[in-house]
């Protein structure tokens, strides 16, 4: 069975192995033991905090484990609040209107405005699943388990949560936006800039990036075309978030123009529709048929989330198999949270 | 011989012909009969007004080929631009962005929309018929204005500027306009250029970018022409640069042609010009070529002729005296050309 | 019965009477016959357009009529797209972070950035109900009838719709934000500036308002405190929109700092939950008891919307009384749209 | 008598005492022993270096009361600020916003963070013991620097500036800081002032506002002190203003004290100073008070004494010669005070 659980100190090697597979551009997971160990330390500390009343610098990194083999095959994370240590930058795609009634000219000019508007906001991030395991709805489990955690512990996150999506670049990693904008100000390569940012070093952005709005209509078409668009490989991830209620609100990455998607936690479909019920352990009907459901427990340190399938919609009490209950680290009559895996799963 | 004198209403057809020849890119001299007529009227009114300090006066002068009394050139001075509507330019300022840690130190030029030349006197529209674009005629026409300024300093500001025509091809295509202005004006260069000459300039404030434009983000073709003088204007530019005009980082908002400026008191013609009596020469002069002016305001005349400076004044030929409508003993102003 | 319908040419006098009652600060309805006649002309033209495929300059102004007396007692409107003739300005409340790692200082500074981001966006506006009729859920009918129209004709509006809410000012009409910001740049009174804007004259904003972001932390506390807050009288209207899913996304009025609330049309509760059904005319059960429902017809020019009450939730066919059907301008078997009046109306 | 000479390591205790007296608001003269020692070292190194063009040299001079050999004042010159970290100021620029229709024409002053003085020589830290703040001592100390610049022009830039201390009360409270800087630095004025003196100035770029500040939006108390000189500095300010320094709209980013600047070549002391031979006077001079300097670099000395200009040079008293460690025939530099 595939189980989502908080990362633990024993996972360093597995995490390193995953990091090696992410490839260029996946800056939140770099194959560097020191950095990864720090990440694990942070996550362990975050999950063990008991009485969190408001988000600060917690980093909830989780892993997807194949419980039969003990193998770690994916990760996902939530940062409770970005930008509190190092500034968090984005471009806001705004509009400035220039009009002359006299000449009958009316131009609505799009502009890129540098900002730190996401400062203090929760971010879902670090989503990676091994290629061999991209089947059986593992991707959805990995991504949406985070919403179950947020639904259970909303006080640990901000009202609004966002996700940064990878922007457009070609097979050589060349980003059209970077080439016509960032390059002129940074005098370094996209890759280098991206890596510096990944290491949490953003000082240089304040130092080198121009403060004034950039007129989008003056950028070459290739650059304009990528604003707010995702890399081909990221299209499914974007669709998944949009189905959950995430929206593009005109914030883009300052380097590659990739969109940030945002939602109010309470408006996320999986949060809104999920409900708590008490678990029974026994022989449920219609296991392995019908709709998929996400089920999680209600614990922080021992948080678990799994996927179950039932032909009969579960009611106010949910019957789980012993294996499912074990995977969720619960015994009978303990509360669990359940939601349909996807908005259209009632087939 | 050539003579420069204030424009008159009778010169309108000739001015129209010149304006058509001049073509695009000389925004303050549009081929529009009504506007030209307005300009003539304004010049005459300005000369008839008792001026204590510079205001919205403008002065227009014509270059006459005295052999046939044809008008072959034209130039002018605005006493002060920006009195009613602001006068816009781009100022090129460098923004410094440095990261000590990355050892990067970038100086990024950016164009800032400004009206720093509002409230300043401007030399306008030097236009000369192709057949007469010789150094003598060009210098005479250009510098005649400076003699006028030297004679009536109270009518002008202490700083003086001129806009030089920017790079554009013979079809009026400007790569700078194409990369920048077009996106904000939604019209072609010719039309914007024309509108800026004939309408109040308020539409510029309405439509132009309000934030600075970082030069490196413009296409190279556009970057290349910033501050570059159109080749047709290089001769008149040279005359002004030799006079002491300097480029201070301001360019035209449409074609990025350079704006040059000077403190009036430091211009060569103005520091060197002398005032004194006209003396008579009985024979052809062997002296150097001089610019010589005479006459008050509406009767102001300038010509270029050989002449001989003497202690008592400047000795000029009979013909020169006739051109200037003076005789020996009259007060004249001169400078060696 | 209270009926919402499009305004018509005969309504000029009634509209003028309403306009007289709105008082200072209600700039979208001024007691000036020429202006009001123009508004009516625009609305009549908009409602009579048949094949609208995308929003342009339509102005859908509706009135609330007491069908027993024929009296007009309220108005509400939707602008299909703002800012296409005259620029539409707002301030975006953004964040700029200034941090020095060396000194351990980290400041997130709020900024006001002038923009025209709502250009081309649909706006709900001009909501006014006579004081004597502020009972019997007339206010909700007036406000939410617009969502029924939008639900039926989404192609006539943009994906996102917004509403401007009146900001804070004291009993003398003094706005703290204006006093510490706008006044310095406009050299005119708040009232005068507000009126100019109401007349569609916004040129002066471009001319006089500074382009650069304003640092909110430098404003006096009284001004900072009103950003994004509504006038006491507007609190109920704000709550009503928020219950329908409208959200404050950090856009405020440039004069008084009142918030703009926005929503995706498809996410508005009344739009999302409303459904089409066929009308039967007869003797429905439980009339005048139980829950309130908004019911509208599916017509443009003859759009109508009323409030009904039923003790039994209507199913896929809705039985209406003859009076209700008449008020809706429909006969039997015609389609009608129905939704619960409020998210909590199933008592 | 007073004497000005380059600082030496032995002067450290005296400098420390002066710095403590000077107090807050003189950011380039902090009461920090290590930093003062660094400054002395830097000055000595600079004087020993063969300089072709200005770089990061700095020169520190002390004022000695020769009656008891006490150090009673101190001043300096930075050859060029902004060489390693940019030098920040606020430039006050007017933004024009006009609406012809409403007949409104607003000129709104705004503060722009800039480093326009980066790359320029700076006069720093004139500090004089309270008991010696008389016109003679103050002028001698201030102008001694200008004689040094006149003697070694290759060591300085063509433009020269000085920052004048802005308005703050005796507790170091600055209403300008309170209205502006405090919000961005999250610390009090004293601390920011101190940090700016002892640390690299990178934190300024990190923390200061990146967008212009519109002056009318600041509290009135803050507006009132922009460009106003602290009364303790008015005497030293007057000396520089009389020399030809001008305010060009730049103020300090912390306390809004004015920055004044001049072209070096046009300063009174520099245009009027003469070089020639020292001549001997056998009796007390009846001549006017002069600044007189002698000695090369490390041995540079300036004093103020009565002296008599003659065709062959400047006649000075025996005592003055002793002070300057010269005798008749030595090359000296002088200017009438």
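Each chain gets a letter, A, B, C and D, in the order it is written, and its residues are counted from 1.
Basically, a contact is a pair of C-beta atoms (placed from the backbone, for glycine too) under 8 Å apart; a residue touches a chain by one contact, two chains touch by 3 or more.
Only a predicted model underlies this, so the values are computations on that prediction, with no experimental measurement involved.
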item: Chain pair with more C-beta contacts, B-C versus C-D; value: C-D
item: Most distant chain from chain C by Cα centroid; value: D
item: Inter-centroid spacing, chain B versus chain A (mean Cα positions, whole Å); value: 63
item: Chain centre separation (chain A, chain C; CA means) in Å; value: 35
item: Chain B and chain C, separation of their C-alpha mean positions in angstrom; value: 56
item: Multi-chain contact residues (two or more partners), chain A; value: 96, 98-99, 111, 203, 206-207
item: Set of chain B residues in contact with two or more other chains; value: 98, 202, 206, 210-211
item: Contacting residues of chain C [partner chain B, same complex]; value: 203, 206-207, 211
item: Contact footprint of chain D on chain B as seen in their complex; value: 85-86, 96, 98, 100, 115, 118, 202
item: Residues on chain A engaged by chain B in the complex (per definition of touch); value: 96, 98-100, 102-103, 105, 107, 109, 111, 180-181, 184-188, 203-204, 207-210, 212-215, 217-220
item: Footprint of chain A on chain D - complex, ascending; value: 205-206, 210-211
item: Residues of chain B that touch chain A when the two form their complex; value: 95, 97-99, 101-102, 104, 106, 108, 110, 179-180, 183-187, 195, 199, 202-203, 206-214, 216-219
